[in-house]
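One chain, chain A, appears in both complexes that follow, with chain B as partner in the first and chain C in the second.
On to the complex of A and B.
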């Protein structure tokens, strides 16, 4: 028929494509050989730029080529005019590459580099480019990062960027990047040093409301909940003295530290004179929160000392003499009196999230947020509600049931510790703690256990958390009965341990028991009743090691 | 003098309405020889879009009775019958055109301060000659006034639809335009807001997730209710057990069991499902689902509007038909059909007899002998040119409003408001389309909605109320004094947003598409309906599909048409233009290299 259109068949297409591909491979091999030869010979010429450019346009992820281009830029002797032109060309090259591959690390990196090389960089143009890119793909974190770089260089105000993040979020709140960006700007603009909230109260309220609108619109979208979490769960950045007890022969110092990784500087002053102290760090060198010094030569001048100070980093803390303890002590009880300035709003939020949980019974985020809110408002008041919610959570989100168990342990421990501290006399340091039968799986904030001497952890599930007991350095009586313990491999060495109950566990390895006894010179009483290992143990170890009472009954 | 056409075809299509054009394109696409005729000099029939001048001409033509009485001599073979075509099934009735503004000559000297959109530069220049001294005093405030002359002068800037229709972003037509590659011939604009009338005012309905999130009128709990309901309609569909108890109940009855707040219920019923209190639960759920399915594809609402009007779309299909060899002939009337037993053999047009396999014909051209019922439904239409949007907004919007009946005997009205950016009207004006099922006549049927949202009174007698600023009221006549008081009262409540002033209106009644062929009609005659009452084009698309399937049951319906680059002409031995089908990136890459090299 006349004038009838004909479309290429698939076989034809295949053939053409195959030929094109083969030609490309040949070209690529030749190109790469030339490039490396030139680099080897240090010939930084235009041709090298041309070839790398051609190659990068077809595959912008070959970062070596970008490196070589930068070498050409820097090693050749360009005139100012030429160099300026080169940089301009590089801008359009990276732009072309980004059109094809907007998530290429190397291209974004090259663009940053070029911008920094320019004598008169056009930051505004870059900013509008970013806005354009983020319109096309609002979740491209490369572009968000680049924007932050540009904003910093261009001196764009935080206010403008805050507005930008608002626009982006209103457009589509399912976007981790824009929420995250927002949190960073907010912190820059309105950050606080307060412990309870990350940003000043007024903004805090606005943000809580904003994010609530998002979570109610789509409770299954995690990005908004993560932002919510940032608002509610401020991570305290402190390094301060929490407790100390100094006696003639030993000093225990506990610090709240969650910012510094390296050991902190800690010194002890008696009557303004620094004491030469060798601190032992627990749980480990890196995150030491419990520091202990054993004085071979007792500090004789302590009893009659006028003043005792501890200097932690740059801060000096004054200790008081406690008659009850016969020791110099320091206690920071600020955690007992924590109060939120916005309890009213938090209660409102809690009410709304409880309602959301009723409307969306299977939504874990609403329940979890409810727990965080209750904890923030009043852990004691909502104690039962929190435990009930946690139970529900591990049912509806059974994949994370262990996470919820750990969270539960954390809250239970915090609750019990608070109860103990509340009952303490100001000049007293409680040495007894009973956390038996709570189904604990973890001992969070284990440095708070550093001063207890009698610790009952019976009937929990600490079999996988034995290493966390390493801060029980003052403990003389420890009970870990019925914890499902199968091995003592991770059990730390507790120097003061005298009475240790391991009743009703699943210990089988006698080597481990012997090792434990060897490690604990002060151990007088070890109860291994109701453990499979009992059958294997010879009674004569009693004689070898000076244990006065080893219970092995089955 | 009529052209001589080739005399044999696979398919002859008469009328260039939506359905006809789709069928013509589909037949041509699979290699059938297609002739497409229209007696008008424009495309689209009752689906057409006119500029202001074209519309006036169309109205004029309707008034002059068609002379269809000429004698036709047909040479019939044995067993053949001639049936004369008639246009009685596409009668437009009750045409009423009204101006609410005056001619230039009658204009009072007033300045016009509060038009919503800026007038374009060139027309402002044209007007500058008319400026009075007083106008010069406040030059900046003076935006010139609309007159009949001016509208007529700017006739090209109008695109007025007889059958304005939207496309659901995931409706049949959008999918067809994409799959057939016909979308390349058309441009669209997303409807920017779906409005609803609630508590005495118009509000924008939050329909997308982003809208719901940003909305400040509903509480967070209401947001959840709304999202929850929408999600359940969306995911479950009408057959879900969720709706088991409501098979024979209304959508409203179902919603009443959900403890929704009134505002949420209103959004769902009136704006999203566009339902009345009689809509069945099943329909309500399906409509909601249809609405939601189309969200998030192109814009903030589920709807698209064809740029330059709905009348563009039939033409897109005609274009494809022509690309694949279809023959087009406008201003060519169907005089009648030649029938032999149960087959249509040929059509008579002009002096020619054209043989065919299939005849696809719009309802305006049917011989009465083969029509079973004329159809009962009719459409009432109102078209209004106004001076501002029905609903205040930061920027120009394309608005859809569904307004349910207020009283017994009224029909729900669909209102579409187009701004200048759709090319429906010049800068500074808006075009409002109202559509409902006919009960009395267009004007009466639509009156309750017109009165609610528009000010359809002559402007020249009372424009003082709206437009006079203090400096213009130095000579106050007694009746104007009264008006001035009115104005002051208005100023005391600045929140009041004035009703849009109608500058021009047109009412008309069109036949709806429920005409049926009789059983004795030849089986190779396929009837295409005119515009229907629905918001979208899906009825026409589905009708075209089923016509095509009955003609060519084993053929593909509008498979993807190749892009021009993919086409190689027969006998063309050297490879054609670069192939770009499978991996467009590859082609672009090459171009980029070339471009880059040039730069260097």
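On to the complex of A and C.
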């Protein structure tokens, strides 16, 4: 029951209503009994149509009655004329039902069914009915869906529909349904598989202007801002190899954009011969982006190999031998060259939105769009401005302050990774990252961390994101001091971990510590200084004799 | 604060959670079978029972329900085709088939129906493009995809359908905002986003979702009143507290909304006299909104005396554990 206000009534009114309702109940029961009996007896007569019609006009959601009406159509031997007339009657019945209940799934479906029975369906008439219905309620998604059905059946071109969406939007910028529809059509006509822009550049530029116009017309309506974000955010694209490092005893492979329905096929070739590899996935799920193989029998032919390839799905990637790493490596650095510093349109738009923010300091959308534009133009140049905007956003839109914290973390991580990659030599893979003191709440794109060996995450707020560390499989030294960590329950197992600092957290559970030690066979040094658990732990550790080389630095 | 066109003002008085009243409201809901509202909702009785019984189970009152009567009713609603109908003599449909299976799982009584026939009924609903029709009449909708996949997974028989094709169809319903509509081309809607996220959670395909994009759209459903709407520029409604929150929970992003503000909104949608929840403060209550008010509170705060709810199946967590099911989530 949606939007039905509870009304207080007098005793007298109540009594009248009660009597009316009792009568309706009696009528319903008699009617439905008759209908079911006739169906059972296969009496597909006019009376059956009449009763079901009456019932549906008062409650069009009784889906079985529509089924029965369709059975009447299927089981009668009417002449073509009669059949045609009855289908017309059915059209007006559904139209009447929709006046009362424009969101009834059953009625809209019945209308589709009738249209499909007609020998000469009048698609144009249906389109104008949709137009009428959308004039009453522009957001009725049932009507939009029915319209789509008509458009498909009538074979209306994308070009015409694109025009339609333009008219709709120019008529009213504040209609999310129209923006949605436009994104669909545009993608169908001009979609790309690029990460940076969802549609081809020429159209992309037109849409950026259109949507800016809309957001300036009514900055407080949310619809157009969502469309704009679609244009400015990165898209998920097809799966590709991002990094690989192959040594005699171990291979690390990192895949970007794993958006396949079936697990990826991944193989390693040395001198055109496929190597028998058992990949382990991190995190432990079918679609993990980090895959590691440990070779019990070292790959002896790797040293004097001529060629090493990785085949991911249908694409083959050639690895190069790196003297620095003493390994065969692959690096995809496409993410480094994606700044648009000189893009006139983006810079102009940024100026306009900065002005809008000045005029309407409480409009969160202008601030957010500012961030998206600055990121797209030049993340490094606008680093401080972006952080400032984010701080303002968490103040004026405090309901979503945790969202902005996570967004901030995402941008900080991206910025720092880009800085590291820029400094790397082509033949080198950086093993050290320092993200301490950044107040990070999340570790976005954690597969990018798969090759680091020394990771400093001190003084952040990662207490709820420990599960994201599961990709640190190459890491030997990890520092998570001062992160407000209360429990290690979600801390993954990191096979190479030797030195681990958990200083100044809120750990209390000694079982979890013992479990952590048990899971990490290579752990040499665990620093638990300034945790409540320290007081109860030492005697237990001594009793358990879990590992001999463990020394607590407290 | 930015002006928002479609929202409501919350009353200043926020009532406590009135569990006793809600339980009484639900238990008495079906007792007078001649009651007008009851006869007017016969065509969705099976789901109505699922809403009421699940809510009662969350409040620890399942033993106060008439188990035998319910099981007998479900038995009689299974048709020759194997599917289950909303009520006796009404037609079988995937919507009511799922509701019936959910009830039977709650009562641990799958043996009262013919499971093989159910599996067959669901399997026959799958179309060549991987989608599911709700019944023999061919209406296609991702709601029915969810019903099919959830039903079969509860029966541990997902192998009966082509799961990859079902996933492929759901992907075709993904939109520019990261959300999902009812079929390819349809606008995103929180209820359908729940269905698609739930389906991908059951089949282990959550990596296909752009979780940051969708999560942002979902947390933008929260309005200054604290309540959540189901699409941009729409009014808040208690049932979206469930559709939005369950999807956010599955995506590991529940913290992106303001929990306290939403709890206040939900609590003001209680009818403090009769019990039950409505969509907005002061409207008529019904079992549907009563369930989704309670499930949302269960996700939001462990301190309410409610059993934990599973965000994928909308069933008490202990039942999902008992069945040994582990739908995936992005926060673990």
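The definition used in the following text is that the second predicted complex is superposed on the first by the 458 of 554 C-alpha atoms of A that agree within 3 Å, B and C clash if a C-alpha of one lies under 4 Å from a C-alpha of the other, contacts with A are read in each partner's own complex, and residues count from 1 in each chain.
Note that contacts are C-beta pairs under 8 Å (C-beta built on N, C-alpha and C of every residue); 3 or more make two chains touch, one makes a residue touch a chain.
A quick note: this is a predicted structure, and the numbers were derived from the prediction, not measured.
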Could you tell me if A:355 is touching chain B, chain C, both of them or neither one (first, second, both, neither)?
-> first
First (chain B), second (chain C), both or neither: which does A:89 touch?
-> first
Could you look at A:109 and tell me whether it touches chain B, chain C, both or neither (first, second, both, neither)?
-> second
More residues of chain A are touched by which chain, chain B or chain C?
-> C
For A:13, is the partner it touches chain B (first), chain C (second), both, or none of the two (neither)?
-> first
In the superposed arrangement, does A:43 touch chain B (first), chain C (second), both or neither?
-> neither
Does chain B (first) or chain C (second) touch A:172, or do both, or does neither?
-> first
Do chain B and chain C land on any of the same chain A residues, and which?
-> 1, 3-6
Which positions of chain C touch chain A when the two form their complex?
-> 1-5, 34-36, 39-40, 42-44, 85-86, 89-91, 93, 135, 137, 139, 141, 164, 167-168, 171, 175-177, 181-183, 185-189, 204-205, 207-208, 210, 212-213, 215-217, 219-220, 222, 224, 226, 231-235, 237, 253, 255-258, 261, 271, 278-280, 282-286, 288-289, 328, 331-332
Within the complex, chain C is touched by chain A residues 1-6, 21-22, 24-25, 28-29, 32, 36, 59, 61-64, 67, 70, 105, 109, 113, 139, 141, 144-145, 148, 174, 176-177, 180-181, 183-184, 187, 198, 220-223, 226-227, 229-230, 233, 236, 258-259, 261-262, 285-287, 362-364, 396, 398-403, 406, 410, 464, 467, 490
Which residues of chain A touch chain B in their complex?
-> 1, 3-8, 13, 16-17, 20, 46, 50, 53-54, 57-58, 89, 92-93, 96, 100, 170-173, 212-214, 216-219, 352, 355-356, 359-360
Spell out the part of chain B that touches chain A in their complex, as residue ranges.
-> 31, 209-210, 212-214, 220-221, 223-225, 227-228, 323-325, 562, 566-570, 575, 579, 581-583, 585-586, 588-589, 592-593, 596-597, 599-600
